[in-house]
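Pasting in a structure now, in structure tokens, and then I'll have a few things to ask.
Labels for the chains are A, B and C, by order of writing; each one numbers its residues from 1.
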């Protein structure tokens, strides 16, 4: 194995510019919150916490408010940044999808169960943890266990119809831990 | 719900080292651009903008140049960092795939349509927004709505054959908004 | 195409607080490493390197130790942050899944081969690079080519059963490059 590495240390010495750079193509018509504060009062910040979601039945669940309730005070400190959500499990997943009609959540669960065989017809070798375990692992890799969402003016900058889903792929669910990392200015 | 939180504030006081650390396993043979500038002139920067992609027909589309054209001036300011692309929609997706043969894009669309049933044979409850809407939501979670790509020496550090795809899953497409967040030094 | 842009520069001027903020809901019972150092000694850091994984046979492979071995010295410098892993290829993928029973890796490969047709029965137009190439591209978008994992107290903060998988989707594998970017304090 070959590897190349360089480590940067971002310790600024130079005085900051008095006015932040604003690109010429800035168009106020676009619905981006105004983020034109001067840079002097801003410093890079990191916040990290673990949010625990109580056990959910098998299926897809909208958990946006459950999560944001736990981080909104920290979030409000960030003018611009990124929020990272990391589910510490391999039989559930995090995804972003529709936040309005719960039928979308049900239909997505229907899809996952159709595409990943379970029970007698399934070809899995890994069966020791129950018939729903190997399908759960596959679904977890299909949807993924992590999300990164932009922060703008103290809020998660998702689209109007977007929400955070926790998809529980096991029949007998347990509480699920999400490591939330916030980074920005 | 239980939660544990710690907030870090990255406001440096200590003087920066005169020379950035370079790991001993650094091997110039690896095609990583030389990133050996001293750290004094570098400070953590954030840039955020919304890029709007005009309506695309249903299918997978290579949009690397459409996006980089909008951010290349900002990108050029970053020696090392991460670029995050967040599609604010639940019926389209962003993915990284082959940038050369458009047949790959067509075949991927063929795959998605084969794997996600649509129309009379589909089992969906959510049909009020048209027969292509529920399949679009599922495809969006399969491929995801966000990408993070490393920045090295002012450019997106993708592989030779990699490009950014916007996959439009609706029949009647609309313009799609992507929140781009750049962070680095 | 319309676009709106604002560039922030995170060059701090204000003196840092003597004590980092700790949220009131902090619960030491949660297994989050204690991260209560004062902020004065911390500064935002970036590290970026390319790790090369030697050729692996087609299938899913646990590569956590292969990767962490290459970055652990850099990782140990970060109290809190994010590690980003970017595979520079379109016919392999990176995913997080079970780190214990290798049957899970085999079953996942079985699933991928069942769901993406290959050979005579496959509908692909893109066949010039071999019958396994177009399926490889599709699998790469299904699982994705990038991961972001939280860093806590100098280590990747994954769950007990989580590991990093490199999924090789080609029959004749080659070495695979992963750009690793570390960012934090």
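Things to note:
Throughout what follows, a contact is a pair of C-beta atoms (placed from the backbone, for glycine too) under 8 Å apart; a residue touches a chain by one contact, two chains touch by 3 or more.
Quick caveat, the model's predicted, so the values are computed rather than measured.
Relative orientation of subunit A with respect to subunit C corresponds to a rotation of 120°, obtained by superposing CA atoms and rounded to a multiple of 5. Taking shared numbers over all numbers used, the subunit B to subunit C interface scores under half, which places it in the different class.
Centres computed as Cα averages put subunit B at a distance of 14 Å from subunit C. The set of subunit C residues that touch two or more partner chains comprises 2-12, 14, 16, 23, 25, 30, 32, 35, 43-44, 46, 48-50, 52, 70, 74, 80, 115, 142, 144, 148, 183, 185. On the side of subunit B, the complex with subunit C involves touching residues 2-14, 16, 23, 25, 30-32, 35, 43-54, 66, 70, 74, 77, 80-82, 95-98, 101, 103-104, 106-108, 110-111, 114-115, 142-144, 147-150, 152, 157-162, 165, 183-185. Residues 1-12, 14-17, 20-23, 25-30, 32, 35-36, 39-44, 46, 48-50, 52, 70, 73-74, 79-80, 84, 86-90, 115-116, 123-126, 128, 134, 137-138, 140-142, 144-146, 148, 177, 179, 181, 183, 185 of subunit C are the ones touching subunit B in the complex.
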